[in-house]
């Protein structure tokens, strides 16, 4: 039971990394990245592939950070000419391309079976000490990401990003290069998710293409909406809530006779309905973003 | 090729071309039916409704329930399924999307993502993860040259053609059709012209969901239905809609045909022969990539559509 | 009275009124110009009269019947109002003829076609290429098409939102001539919001000056043209005595 609790807490901390990363894009800047899972995937597979070739785990993390940052910058550049909903679809297509490559290039990625037996930093530490080390590492990383995100949103940069989201025309007329700002925010946000992907992979010592499904992106959006989109504290809180719902649904099947094969769908259904309910009744989330209103209408 | 006699090379061409043609026609039917509804509603709801493709599996599974569960048979069951999917589309429009759109189009966009997941999860929870088939009697294929076409495929292509002709006639020559085109092009101006935008929108949403459901039923008739049906259609359908120009019925059909042709030829082209090296075929598992890549390219370079038929800003 | 508003208030954000109690009335077949500085609520005023922005208090009456609670499409069909917005005022992908037909959506088919023939025949710029897409037209032609669409069902009241915006000086003159001609042919009452105050007032019977969502001044159009305060503030700073305004005023008187 304690092991399970530690597991839940560790995964929640990893999800906090994804949520903080997406919040910088979707929440603060208003870039609806429907392919967010691609950044996670780049980190995860960098770690996996480096491990497969006997490299040190730190190298894997590093590769993930660099590659994801580049990918982020490229996707950000694409935002130059695209309307918001078009950009969302394009990011989804990019992530799906990545997944397709992962499934098909078995020599590199292990194909549909994925890569297993990946050695992480605490592989030699067993039992409770190992679990605790992981938890501490992940919480520290999440805390660092939180600090980075808070600093970024608090700075002048953050104000520019919010202006970009609310009044793109005004931002441009004030001399901000919209494309450059978008590119920059994605180049910064992507590595945060990639580190999450790396740590996740090293922690459970496995990565497979099913972890790159669009559903993962949807989960992170749910975290943001529940917590309050645009708010870093909300993102962390949302990650915790979703992880608790996921963990709790394991016990659900002890109470209700749900066949094993539909357990995962019931879990998704619950999360989907929670998100739907929030969107319908409280779209600003539990912790609404505090905005100093800038009225520039009419 | 010079050393082959002409007769031989003709059958050789037929062996390659006929299956491509059949494949393209069937795939065009399925894609265009789902795409045309999205194209028609996009101008009205003003956000990219990711959940639209989910009306395909919804319609197919409703059809399955009506055909087998209620014992209506495939034809009547499919009709019931299609109408039911249309009703679901209208209810979601009235009670879900209209509310979310009133907050912001971003909220509606995220909401449509949420709805897709809820629909997929519901189907999985109720029907299970295995693909299902409509209770059709197995009929022998009709030989065309060396290839075979199934009776179901013939019906699918012919019915799609009938549907598109009907759609074209209604939109071009009737009062209702003109009202629909007005609302899709500019809802505010439409109500300044005395058109009841809400009523027309509801009618269009019904038609769009029902057409997507028809596409879903046609996929199920041709092969099988599965819960991934919607998500595998998603990007190809968006590619077709943007390529065709938002709001353009003919454009969606034409774009769907181009995509379908690309899907069925790209995988059969020996790129090795083109570059004069070893045989180099793109593996069949990359088929979905055609839609993925197409959507990226089109949105980047021709967001106003390939043919200039649509009515939307870039 | 053809068109009448009483104590109209409206706005977008809760607690903030853009219109602060506007009252006015417009006699049958009058042309009235509404002028005012940017942000005075001119556009909102038209949108509120048309039902796109709901009135918070007050009433709008057309030909003696109250339409304050009716949606825009009902004001067109039931109260015989017509509206030409400033931007996006044609259905771009539709043909020119279909744009005109769209205005008469609820007329019997034969009457609709006859009326479309009449309007398209009157304006050859449109009639000569009635099967071309509307977004292939120039700015002035679009404005004309938008007016034709609005005139289809023979409205009693025509609301125009800055019809001269973006047109060249020659086209502006042509447009205002067209508006006068339309009033004579169609017996329609016209309310026109304009930046181009001199030329608009020159063809109007009366004018209103809106300031901060209220009627600051109201009077005969030629009086407003000569009012030094008005000319300074809203006619681009041209003193009333300049030859430009004088010539216009002479034309009116």
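As written, the chains take the letters A, B and C, and residue 1 is the first residue of each chain.
As a working rule, a contact is a pair of C-beta atoms (placed from the backbone, for glycine too) under 8 Å apart; a residue touches a chain by one contact, two chains touch by 3 or more.
Nothing here was measured: the structure is a model prediction, and the numbers come from that model.
Visitor: Which chain lies the greatest distance away from chain B when centres are computed from Cα atoms alone?
Guide: Centroid comparison gives C as the farthest chain from chain B.
Visitor: Using CA atoms only, can you tell me which chain is the most central one in this structure?
Guide: When every chain is reduced to its C-alpha mean, the one closest to the whole-protein mean is B.
Visitor: Could you grab the centroid distance between chain B and chain C? Build each centroid from C-alpha atoms only and quote it in angstrom.
Guide: 44
Visitor: If you average the CA atoms of chain A and of chain C, how many Å lie between those two points?
Guide: Roughly 52 Å separates the two chain centres.
Visitor: What is the distance, in whole Å, between the centres of chain A and chain B, each centre taken as the mean of its C-alpha atoms?
Guide: Spacing between the chain centres: roughly 31 Å.
Visitor: What parts of chain B, by residue number, touch at least two of the other chains?
Guide: Residues of chain B touching two or more partner chains: there are none.
Visitor: Show which residues of chain C lie in contact with chain B when the two form their complex.
Guide: Result: residues 50, 52, 71-73, 76-77, 82-85, 88-94, 98, 101-103, 105-106, 109, 149-150, 153 of chain C touch chain B.
Visitor: Which residues of chain B touch chain A once you look at their complex with the stated criterion?
Guide: Listed in rising order, the residues are 47-48, 50, 96, 99-100, 103-107, 109-111, 113-115, 117-118, 120-122, 124-125, 128-129, 231, 234-235, 238, 242, 283, 285-286, 288-289, 292-293, 295-296, 299-300, 303, 313-314.
Visitor: Which residues of chain A touch chain B in the complex?
Guide: Those in contact with chain B are residues 30, 32, 34, 78, 81-86, 88-90, 92-94, 96-97, 100, 103-104, 214-215, 218, 221-222, 225, 261-262, 264-266, 268-269, 271-273, 275-276, 279-280, 283.
Visitor: Hey, which residues of chain B end up touching chain C in the complex?
Guide: 175, 178-179, 181-182, 185-186, 188-197, 247-248, 309-311
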